[in-house]
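Questions regarding the structure given below will be posed in turn.
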Amino acid sequence: MNGTNLVNSLAGLLILTSLLVIETRRPSRAALLYAVQSSVLVTIFVVLAYLTHSTQLYLWAASSFVTKVVLVPVILFGALRKFDTMVPLPSLMRVAVVVALAAVLVMGCSLIVAPLKLPAAAEFRPALTVSLAHFFLGITCIVTQRNIIKQIFGYCLMENGSHLTLALLANQAPELVEIGISTDAIFAVVIFTVLVRRIQHKLHSLDSDQLMTLKG
Amino acid sequence: MSLIVVLLLTLLTTSLAAFATRWLGLWTQRAVETVHLSGITIALVITGAIIGRVLQHETLFAVGRWLFVDALGAIFLGLVVVVGFLAGVYSVGYIRYDLIKGEITPTVLSTYYGFFSLFMFAMCCAVLSNNLVMMWVSIEATTLSSVFLVGIYGRRTSLEAAWKYIVICTVGVALGLYGTVLVFANANAVMARPGDAILWTEVMGHAKSLDPATISMAFVFVLVGFGTKVGLFPMHTWLPDAHSEAPSPASALLSAALLNCALLVIIRHAAIVSQTVGPEFPRRLLMIFGALSVGVATLFIAVERDVKRLLAYSSVENMGLITLGFGLGGPIGVAAALLHAINHSLAKTMLFCGSGNIVVKYGTRDLRVVKGMLRLAPLSGVMLLVGFLAMGGIPPFNVFVSEFLTVTAGVKAGYAWLMVVCLIFLTIVLASFVRVISGSILGPAPAGVARGDPSALTLAPLAVLLGLMLLIGLHVPGPVVQLISDATATVLATPAAMAASKGP
Amino acid sequence: MTQTDIIALLAAAVILPFLAAPVSFVVPRFLASIVCAASSALSFAAIFAASVGYTMDGKQAFSRDLVSVHGIAIFGFTVDRISVLIGFAAGLVGLLVCLYSVGYMALGNREHPEVGKPRYFFFMQVFVSAMAGLVFSSTISGQLFFYEATGVCSWGLIAYYDSPKAIAAGTKALIVEHIGSLGLYFAAAMFFVSAGGFSLSALGGMGPGAKTAIILGILFAAWGKSAQFPLHIWLPDAMEAPTPVSAYLHAGSMVNIGVFMYARALLAAGNVPHVVGAIGAIAATFTLVYAFFLYLPQLDLKKLLVYSTITQLASIFLALSLSTFGSILAFDGGVAHIFNHAFAKSLFFLVAGCLSFTTGTRMMPKLHGLLAEMPLVAIGFGTAALAIAGVPPMNLFFSHFAMLAGGFQASRAYWPLLILVGISILEAVGTFGWFLIKFGDAVPGPASPAVAGATALPVTMAVAVAALVTLTLASGAFAAAWMG
């Protein structure tokens, strides 16, 4: 298996792990699975760095390891562990439907990616497709899950998807750019967890259906 | 050190100092108010100096050209800081009432002011950014720094609004990142140095050689993504909730400053895509989103009974109108849109702060309960009355001028029928505002509410804003005209403007 | 007097009352009415001086741009025979009404006993200013600006008494007038697109398509202000306003804005496409008949006057529209009628105000034998009623005659127009009879109890009524001579 194929198949693995994150019931386990997924992502970064001889990407891999494999899962694990015992809320969709949806998303995204002229990522087109699909899978998770903790994970998945896109298309961008994006992501996760705890404190529920008093 | 950096550092320092005052115990309130007021005053002065330089036809760069101010940026920077200053002064008067009523504690006070300056810092970064990805990072940062402003009261509804706000906006803005990255990737393939391909000024210079399909796709992502933050239909659903639940000065900041920041990012990308695939494509998209926003928001305005939600929908409507103006294009359309952005910001800051006085006086936002404001709090009442009329497009106030210019641009662009429809919508909006005036400001006052206006600190910003609105309505000041006409040239990428914006 | 002097005077006429208006809020209450009367007097004095200057210079029409952006004139003044004539009438009626208000807005008023609040005088003065600005405006953007401004003033003044009915009436007026202004928005935008500017003088050089679109836009806006079907609905409700306001806004000035703008557009356009004239004439005739039948059953004097105003304005619209078929006489008659009607109808409204002030009622069945108890009011009533009826030598007789004669002139080219002229004559005859009856009911004979118990009339009110009686008698000849 050459490097390009490796990247593309690793990207496929991302989808698989994200389905696991979506469907796992206990928040602490989801946080661990998220760490697993992020390590897949970091591996992709390393392989990409090796293939493109980009020192930049090695840096990205290092910083992603710190933020995505360690920091974010730790924050999530610490903050959400106490919700493990809560009765799980039903999802709006069954597992089979979510899996089917993931397949549809991948196909749809390949249509979006097809007309793009991107010499930098010509050989990684499948990976690019997956990264976009992964992003939309994150959105799907946010939309379909009633549990607001799952919505946080949806955000994290979405973020991983866009990060992969960034690595494929913009790996020559200055390192500071990547740091900026990662910093935003960490702060977002922190804010999400703080809000979740406040909501739980006030409403005694994590059901997003309870957050429907305003008319939108 | 560049003025731009000084401005950003001022706001960041103010924010950190404000957060730090929470440990001062009894001194917290006085200390945080002092820090806050001096911070925003210094920011206002520095911004004045920056805009003064831009008026000399100078484009300021800083931090390796990652930050810059051209005429277009200067307009939006001015909006952020002027709105921030006035809403900041108003905050001091307004939040004191919350403190007295026990809605918040002194510790929360430091948090509020800390996030206030941090939010302004993020918005300034967004409008000053020349780096396409940093634009995105800053817009995301505006969401993160304002979430707690929205949820500051910790009530059930405010937490709900904060949650919706952060979820919808992070998702939306993340879509925008795809647009940004596609632009960078494409520019990077064309341009020699990757460090340049990330700079808006450089990409603009090479926009003609980019790939049309990629850039078109990128613009769709940008428009939907950042359009969420602008509050364009159908991505506007977070906006009424967040605007109505935030403290009134924060609502003013959200509506009058934040929405414009996101719009600026769209406009900068529209300028690129206009070069690459021709202006027709972005103009059509902007027109569709703009016109739909105007139409749908109008219907909501007509039935809304919560004063701040009403104003929030009015923001959707006005952002739609501004977007429509950019979509109509041409020198008049763009100038009309820019002028309307200024006018809307001033008027909406005034009205949101004024609605704060309603909340202080009546303890509710429900217009069915609020009655006889003019009798009860004459100064607030009369200013709100005038503000609502001005926002409805009545001369001699500013909104009239830009709405008229927008209609003119539309007729000139050959969309007379669309303009007639828009005018009908604007009439409905005016009718709704007049109904608010008739129902809540005029008429007899209810028994049991104490007479008298809130403190001078909550009145002075309104008076200043009203003065500015009247000034622009009677005669748009020279510097504003110059900025708008220079910015219009930038948006339309006239050769002279392209040459002027070249960095060192 | 140089043209610059005239322009300076007109600018003063616009700016002075506007600057004086906020003073109402800071001076003691009794002074606010005096300030209002004084500033409107100064404003009229400036218009008067400008009119004299214009006449002495041999009535040389000219325009001057005052505000330009990027070389495009946004606002300016046009001084010609129609703007001076109508500006003079609006200014004079404004002065007399402000004077009248000093007495009327007082505790002695039996219908509304209260001292005028500052905002009454504020809106009154802003209105005086806006009216002058609109009449002399040389650009369509200026017209739009002041059109909206007068709309807001009328809202503030109609809603003045703060009763739910008054507030609703004010809101209705603002919205309906704003709907009318959409036509003006549209016309102004079209104007810019076709001519690259806003100066009304450019209308003459446009193609027939643009001309038609623009004048129809203006005509629509004119219907809104001049209360023509279907945009007339706000005017009857607007009678909730204090009566001096009705006299000024709903008879002497604001309702004339519509017909005036139409006249101004027709004059600037020169050769007007016939479709404009046809639409204007048919709509006017319809309104004429409609409003005529509505005014017959009215018992409230003010309501009667409202519908009468609508018919009078409709006949002016008819005459102006017919003038596009080639009759200068109809045009001149129409403009003169605006002038004459302003005085006669303001007089009538002020008389109605005197009656509610002194007797506390405006219901005509209660008002008989005015001559016996209050001769001045009776003379005012009689003069106004006879003028509206069109009895010579009252002013409206002359202009109405000119309008009808002009109508016949136009019909010579297009015979179907005769039908419209015929309807107009029938309406004139009907009005003649009806107002003679009203005159006979109210003026001679023994006083009814309400009239017998009347209180005294303040001096300022009496002065205003007396002045308007004189003007109603004299203005006909003046207008005829002026329009030549």
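The first chain written gets the first letter, and so on, giving A, B and C; residue counts start at 1 in each chain.
The rule is simple: contacts are C-beta pairs under 8 Å (C-beta built on N, C-alpha and C of every residue); 3 or more make two chains touch, one makes a residue touch a chain.
From a predicted model like this one, the values you see are computed outputs, not experimental measurements.
Asks: Out of every possible chain pairing, which has the most C-beta contacts?
Replies: Of all chain pairs, the one joined by the most C-beta contacts is A-B.
Asks: Of all chains present, which has the mean Cα position farthest from that of chain B?
Replies: Centroid comparison gives C as the farthest chain from chain B.
Asks: Compute per-chain Cα centres, compare each with the mean of all protein Cα atoms, and return the closest chain.
Replies: Of all chains shown, the one whose C-alpha centre lies nearest the global C-alpha mean is B.
Asks: Could you put a whole-Å number on the gap between the CA centroids of chain B and chain C?
Replies: Roughly 43 Å, centre to centre.
Asks: Using CA atom averages as chain centres, what separation in Å is found between chain A and chain C?
Replies: It comes to 70 Å between the two C-alpha centres.
Asks: Using the average of all C-alpha atoms in each chain as its centre, how far is it in Å between chain A and chain B?
Replies: Here the centre of chain B sits 31 Å away from the centre of chain A.
Asks: Would you tell me which residues of chain C are touching chain B in their complex?
Replies: Spelled out, the residues of chain C in touch with chain B are 67, 69-70, 141, 144-146, 148-149, 151-152, 155, 159, 162, 164, 167-168, 170-171, 174-175, 178-179, 182, 185-186, 188-190, 192-193.
Asks: Please name which positions on chain A make contact with chain B in the complex.
Replies: Of all residues in chain A, those touching chain B are 112, 115-121, 132, 135, 139, 142, 148, 151, 155, 158-159, 162, 165-166, 169-170, 172-174, 177, 180-181, 183-184, 187-188, 191-192, 195, 198-199, 202-203, 211-216.
Asks: With touch defined as at the start, can you tell me which chain B residues reach chain A in the complex?
Replies: 131, 133-134, 136-137, 140-141, 144, 147-148, 151, 154-157, 159-164, 166-167, 170-171, 174, 177-178, 181-182, 184-186, 188-189, 194-195, 197-198, 211, 213-214, 217, 237-238, 240-241, 244-245, 309
Asks: Quick one: which bits of chain B touch chain C in the complex? Just the residue numbers, please.
Replies: On the chain B side, the touching residues are 389, 393-396, 400, 404, 407-408, 410-412, 416, 419-420, 423-424, 427, 430-431, 434-435, 438, 442-444, 475-476, 481, 485.
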